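Here the structure comes first, spelled out in structure tokens, and everything after it is commentary.
Labels run A, B, C, D, E, F and G following the written order; every chain starts at residue 1.
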Amino acid sequence: MEVVLALVIGVLYGAGLYLMMRRNLVQLIIGLGLLSHGANLLIFTAGGLRETGAPILAEGEKHFAAMPADPLPQALILTAIVISFAVTAFALVLFLRTYQTVGTDDVDRMKETDT
Amino acid sequence: MQLFVTNVLISLLWALLTGKVSVGNLAVGFVLGYVALTLLHSEKEERKNSYFRKSLQIVRFALFFTKELVVSSWRVARDVIKPLPEMRPGVVGIPIDAETDLEITLLANVISLTPGTLSLDVSPDRKTLYIHAMYVINPDDLRKEIKEGLERRLLELLR
Amino acid sequence: MTSIIFRTATRYMFPPLLVFSVYVLLRGHHYPGGGFVGGLFAGSAFSLYALAFTVAEARSILRFDPRDITAAGLAVALLSGIPPLFSGNAFLTGTWWELPFMDLGTPLVFDVGVYLVVLGVLLTLVFALGEEE
Amino acid sequence: MFAFLTICFVAALVAPIVHRYFPRHTGAVLSVAPLAMFVWLLTQLAGVMHGHPVEQGLVWIEKLGLELAFRLDGLSMLFALIISGIGTLVILYAQGYFKGHPQQGRFLMYIIAFMASMLGVVLADHLLLVFIFWELTSFTSYLLIGFNHESADARNAALQAMLVTVLGGLFLLAGMILLADAAGTWRLSEIIQRGHAIVEHQHYLPILILVCIGAFTKSAQFPFHFWLPNAMQAPTPASAYLHSSTMVKAGVYLLARLHPALGHTDEWMLILTTIGTTTFLLGAIMALGQHVLKRLLAYTTVSALGAMVMLLGVGTKYTIKAMAAFVLAHAFYKATLFMVAGGITHETGGETSIDKLGGLRKAMPFSFACALLAGLSMGGFPPFFGFVAKETWLHALGDHPLLIAATVVGGAAYVLVGLSTGLKPFIGKMPEGLHAHEVPLSMRIGPMVLGLGGLVLAFFCGTIGHALVEPAATAIYAKPLEVHLHLWAGFNKYLVISLVTLAIGTGCYLARPFFVKVAERLRPITRFGPDAVYQLKLNSVLRFAAWQTRVMQTGILRDYIRVTVLSVVALVGAAFYRAGGFQRWENLSPISPRIALVAMLMIAAAFATTYSKSRLRSILSMGVVGYSMAMLFTFFGAPDLAMTQLVIETLTVILLALAFYHLPPFSHGSTKRTRAIDVAIASGAGVMVTLLVLAALHVQTPTPVSDYYLDHSYKDAHGRNVVNVILVDFRALDTLGEITVLTIAALGAYALLKLRPGRRRDALVALPRDSGEGTASTKEGQP
Amino acid sequence: MTLLPSLPITIPLAGAVLCMLFRRSIAVQKAIAFCTSAIILLTSLCIMAHTKNGTIAVMNVGSWQAPFGITLAIDMLSSVMLVLVGLLAVGVSAYACFDLDRPRMQLGFFPLMLILLMGVNGAFVTGDLFNLYVWFEVLLTASFILLALGGERQQLEGSIKYVALNLLSSALFLAGIGILYGMAGTLNMAELAHLVQEGGRGGLVTMVAVMFMMAFGIKCGMFPLYFWLPASYPTPPAAVTALFSGLLTKVGVYSLIRVFTLIFDTDPDFLHGMILAGAGLTMLSGVLAAAAQYEMRKILAVHIVSQIGYIVMGLGLFTKLALTGTIVYLIHVIIVKTNLFLVAGAINRIKGTYDLHKLGGLYKEKPGLSILFIISAMSLAGVPPLSGFFAKLTLIIAGLRAESWLIVVVALGVSLLTLYSMTKIWTYVFWKPAPEPLPDLDPMSKGKWFVFLLPMIGYTILTIAIGVFAGPIFDYADAAAGQLMNPQGYIDAVLGGAK
Amino acid sequence: MVELVCPLVMLMLTVAFAAAFVRVVIGPTLSDRVIALDMAATIVVALILTHCVQSGSFYYIPAAISIALLSFIGTVVLAIYISRGGAE
Amino acid sequence: MIREILVSIFLLAGGVLSIVAAVGVIRLPDLFCRMHAATKTGTVGVSAIVIGMMIHFGNITVTSRGVLVIAFFLLTAPVAAHMIGRAAYRSGVALWILTRIDEWKTHGEMEQDD
């Protein structure tokens, strides 16, 4: 299972990076999105996969009868998801405003600041 | 409405009394309450009418709708699978009697939910509902079918 | 983009959604859910309203500026870490009071803060984007 | 010592203030500081003479072993006296020179700071402290050379001087650190006692070379000599001071100071005599063809510095004595000549060429007298101190016929320059249109004192030799020696050589127009000199910098991402290789069909996002990826995660769609080649990540932390949903940070949407009334 | 102790929340921002007083024991960084109150600034790897916005590059955290250090270490990952750039130092060698990039890169003396660089441009400003006895003692080129007469001008003071470096010090 | 029995999801993609609910509700986008 | 046992309906026809699975939420379909060539988009 997911993670990273290397702003943002999916899945996979129950204690019980899934990677990913959502939302507005100001969404033509 | 609330309360009371809050138990409580209320309110015609008639209508409508759902689901499903689909799609305008927002909305929804028909839009004068249908042999038949079937029963229920 | 159907559906969906969002918030400590998802639900409800009607109308039923809600949420979350300090505990130590019907604790207050922040954030974004001509 | 140094620095700091309150006597007031130093030095003279150096120390940075350690011995005494004495005179001189100049205060500030730094160099007993003052002299001289900052030449010369001397300084620093490590101490007084250990140390040669480079740049030795003539852009008081008597001698001082530690080896001799002699001759010959007053003096300064290094390089007790005497003589006559030259230029309205000067003897009698005294001393005419020094020098070189020959050539040039600057401007006919008058009093004191000094010293040369030169030479030689200077040493071959030199020099002076003409002819050659090399080096560095910027900062984000990703892949790959690939896998769970199916879907959807001309298709495909993720989360027991992922995914799509109203469809494609490259890079990264995950899999996963959470979630944190408890309790701080991110992201998006340059003006008008909402409240928009 | 370590995080957050709640009144926001900054400074001084004798201030947030909750741990390095943040905050907020345009202030400059500070402080105090990621995101997001706020073309273009490359770094960082968690089952840095030291996973640790190196390398602007910096730093207003230059890259460096002294000290030949090579290339590349610029702010911005090289050089040499140098360099460069940006901003305020070709004649016109500039510039170039000199000196001594000849040669050469760049600015802006007379865009009375310059004067005095009182600073840095070289104290304090 | 049916149903749902994905990719119109994504979301709901049955835990139901709500909003937004003539 | 059978039947019904919908979405000739398949069959399929689930658990929590899910789908799915259909129609998505009749177009009462 982990091997399959490792492959998926690789593909997500690869696809994300490929998209980031395109010229359109929107592709850049989609690339970032895929990248963060990849990172989340990586944490999930590396944290240890268990096709078991959720880490939620059933009503009336005091201890977990069976070992549930590891809750910590889940919490970490939750945080990471939210953060990347926030950043994506801001980036989107940034790109929008950039397009309106610069007059193009071609990243290659945004080179006024360098050199 | 008051009666409905009372009925719900009775069913809850029943569940608490029997000490078992489950779907079945609540349903039993509800039926018991319903019967009790029917008996209690036999003389007050007006109110009894609205609540008890409505509840019967709802049940009838639900049954009708489920039947429609199953039948036309089957028809659509069969057609989807068939090697050569026998569809005669078309966009048909249906003059509607529904007036309030709620009536129009529910009607449109119910039409959409019924397989084979799909509400597209209401005309600006709110008199016509345009639907897309999979099987339009004769537009007038379709119009009639919907007006007589779904719309009549629905409006009956709502008014 | 006025559609009677959409508007009517929204009008009827709106209150239950808000109720549901609070439910998700409060149940979050024991079941899936919590402040984040709850806030997203509430925010979605208002966004839906803004879509069906106008952003201005959605703003008016919200009453508060979303940014104020955000700030208030952040303040609530921050303040929820303060009570333990009085009993000599570290910042953000969970402090619980047992009420007859449920346990009330600072983590729940914290989650309420999260809820408000998420609600405010989502609406700030959606309203601002919706107002962009 | 410390106190007097401090006084000097304070004087520098307050110079502008003094100038504000005593605008007409600034120099006089400020010269008290160096004078105090001078007087104090004289009081210490007796002790130092008898081999009792004055020492003072104060810890500055304990961890670096840096101390404010000062030590006044014979060598320091000689230099410190020159520095403070001439410093006093120069400050007075500057008062007249800059009369009425609005920035006189600043000039005095710089020059006094320079003087104090220079005193620091010669008094410090700690290698790092020497370096600190050394660098300060570079920096203050930068300010002085560039004082006429509105002239581009002055600015360039200042920069050049600083770059060259600082470059040398950096070599010096490295050398000093190695030296200190070799000697095991930073203290100069201790280092010079450990000459053996240092000479035998494996780093001896690097140390020697590094120190020499430092000293040579500062003392304008070939091939670093070029900055000095260019530095004549400085105002004359600065030139007189820096470039004759003080700063340039710092290198010589340092070599002299370190002679006991580094000297007495073949390497030392070879390097110093070669470079010193070359510089000596080069400076002298190049001086022949000059006609600008200050340049004449500058080139002979270069030459003189070469001579000192040469003498030091030979390193016998005689040459060392000669060098010490020559340092003194040179300081006197060169400072005088510079001051007089400055006076001439100052009073003739800016005339600098000796060919256009003449007959000033009437207008400027004082200056004439001083110039003549100094010029003759420079030429080595008896009975001046210059003659005494030259005699000692020739004596010392008795075993080195080649060096004697060089001395004759150089000496002749000195005669020429001495006469050209000391005599030529004042005799003959005054050219048409030249108006001049005598310099003011403050500008007379310096030349008078120093010019006459050259004569007086010669008559008291025995005493001077005993009191000043002998302690200095002893310090350099590190063994006791005796110095006897004579004005008249009897008739011997050296006197003959001297007289021959004078004759040749006088002849040359008469034939000066010829040399000037030759120099004109040869000018093209100088284009290939070290000055040109400096320019070439500087330009090539700048060109390289520009090239690098062009290559690195293309401005194209995609290039940046490519390079970044490639570097990551390469370096992590290197680490992977170093780790020896990955070990065997353990603990792998079996593949279940539903998960395999979802995984395949994810892969397909990921490809679909990349392989798309339609942006909606791309984002909807990304939506599919997100939904698939949620399914995986569901299968692996993460309901909160699944829920959040779904909600967020959809919200992202919604926000994108809202933004798409205002964004154009995809339109900018890449070439096939670019795409192929990108595919390669991206695949590389993907493979790397996959391998990393696989490599991580063989590791057992201990989860004590998670076990703790599962055990304590309900018991201690009152929550059944462990994930939520982690979020709001166990790791609530993360969540606090997370909602902060959310908050500001929204704040930022809002600000960006509401504030844009085009709307700025409106915003400015609209905002104060309202709440900073831009035009939001007045607008009723709806999609 | 239950409170102090959390204050660097909570105080700026509280200030930011207040600012947001008072978003209608700029005057109130200004007051809040300045007061908060001052309180931040005071708090960090208190913390420093507590840690200066080598104690490590530890706090378990939420009272959860060390590896289970998030632990805040402040050692001497952290506390000096906190003090620097405080110093910076006070100066920059004062400057911003004076200099920033109204719309920016209305649209949230102050809360953003405070949250940036919160993120930076969080990164300095946290002892948890994932929490570090969170603080990174906090400060990055705040910086994204501060960078783009104003919406001018250059700003926006710069922001895009900044955002894209930094998010790339975040993805890398997150991947590293994931793998490390998978390996060790903990996020607590002290416990990670402990587990990694126990060994058995050397190869994988090295790989993860390289990932962290690259992730932080991007954030701190190392070669060849610094592209975002020249593209973005010169675009926002001076106050923002000053804040960035002082803080952002330094957080990257701090993290690099933290993880490579605490956790990844298992394979120094390879890892620290790699860092050293990176340091050399970084300083060289950065200084060359600066040499090619003719815009004051760009020169200063690009120079950040080369200074990062110096700082990282100490880590690469990985000796106590070298780390001492690194710490001193950090102290020095944060103050000096901030000041230079403020001075540049002041010039822009009165002359309306940063272009070296257009500027000129300020030496005559604004002598006070000239002095402020030249002192900081020379300090940066390493002219003794200013702060920069001692920092560089220490690194060079450390390099020579470690016999890393090449890096010493590079460091010395770069120092010369730095001098060149600084004198270039000096020559063009101050000495050279202005090619066309530039009117004073904002003529101020003497008093107002003085108030305007006050933060810069303060920083300049600090620069000199660091040089003059280098002794105590070196004592402190030496002790801090000692802590870093012997992480066992940190580990014990975190894991054993739980209540 | 349920243990046998559930994986089967899930497999069927996954296949349906794949089909929806194919439609997202091939279009041809934006409306097609939107409808397909909406259907994909619905299938995810079904999948999650089936997983509830299989794993015997009902914790995933709120997830199902969230997706139902959000996918509705998403579809509406995209519909509005289409009707305002938004480009693909 | 009966319960298990019931659950299985409902679940399978849901699965089959989804497959049918999937096939429809792929096969059907134009957008509007595909919408029939996508929205309705999907809705009915989900409802079937929800009912199966409600029976399986048989407790109040699940049932109440199940009812909620169904209600929600019944309310939203048609609205969504309506919005898409209307938008698609207005934006000029072509009807299948075999579409027999288009009264909307012939009535020509297309309301101007705001």
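Quick notes on this structure:
Please note the rule applied: a residue touches a chain if its C-beta (ideal position, glycine included) is under 8 Å from a C-beta of that chain, and two chains touch if they have at least 3 such contacts.
A quick map from chain label to UniProt name: A = Na(+)/H(+) antiporter subunit C; B = Na(+)/H(+) antiporter subunit E; C = Na(+)/H(+) antiporter subunit B; D = Na(+)/H(+) antiporter subunit A; E = Na(+)/H(+) antiporter subunit D; F = Na(+)/H(+) antiporter subunit F; G = Na(+)/H(+) antiporter subunit G.
Quick caveat, the model's predicted, so the values are computed rather than measured.
Any chain bridging chain A and chain G, meaning touching each of them, is among C, F; the list is complete.
By number of C-beta pairs in contact, C-F leads when B-C and C-F are compared. A comparison of C-alpha centroids places E closest to the centre of the full protein. Between chain B and chain F, the centres computed from C-alpha atoms are 26 Å apart.
For the pair chain B and chain E, the distance between mean C-alpha positions equals 67 Å.
Separating the centre of chain F from that of chain G, both taken as means of CA atoms, is a distance of 11 Å.
Centroid to centroid, with C-alpha atoms defining each point, chain B and chain D lie 89 Å apart. Those residues of chain E in touch with two or more other chains are numbered 13, 20, 23, 61-62, 130, 134, 137, 141, 144-145, 148, 151-153, 160-161, 164, 168, 175, 179, 182-183, 187, 227, 230-231.
Within chain C, the positions touching two or more other chains are listed as 1, 3, 5-6, 9, 12, 30-33, 36-37, 40, 44, 47, 51, 67, 70-71, 74, 78, 81, 92, 94, 121, 125, 128-129, 132.
In chain D, the positions touching at least two other chains are 549, 553, 555, 557, 561, 565, 615, 635, 637, 639-640, 643-644, 647-648, 651, 654-655, 658-662, 664, 689, 693, 696-697, 701, 703, 705-706, 709, 720-721, 723, 727, 729-736, 738, 740-743, 745-750, 752-754, 756-757, 771, 783.
Pairs of chains meeting the touch criterion: A-C, A-D, A-E, A-F, B-C, B-G, C-D, C-E, C-F, C-G, D-E, D-F, F-G. Residues 593-594, 597-598, 601, 604-605, 608, 614-617, 620-621, 623-624, 627, 630-631, 634-635, 637, 639, 642-643, 646-647, 650-651, 653-654, 657-658, 660-661, 664-665, 783 of chain D touch chain F in their complex.
Those residues of chain C that touch chain F in the shared complex are 1, 6, 17, 20, 24, 31-33, 37, 40-41, 44, 47-48, 51. Listing the residues of chain G that touch chain F in their complex gives 4-5, 7-8, 11-12, 14-16, 18-19, 21-23, 25-26, 31, 34-35, 38-39, 42-43, 45-46, 49-50, 52-53, 56-57, 61-62, 65-66, 68-69, 72-73, 76-77, 79-81, 83-84, 86-88, 90-91, 93, 113. Note for the complex: chain F touches chain D at residues 7, 10-11, 14-15, 17-18, 21, 24-25, 27, 30, 33-34, 36-37, 40-41, 44, 47-48, 51, 55, 57, 59-60, 62-63, 66-67, 70-71, 73-74, 77-78, 80-81, 84, 86-88. Within the complex, the chain C residues that touch chain B are 3-5, 7-9, 11-12.
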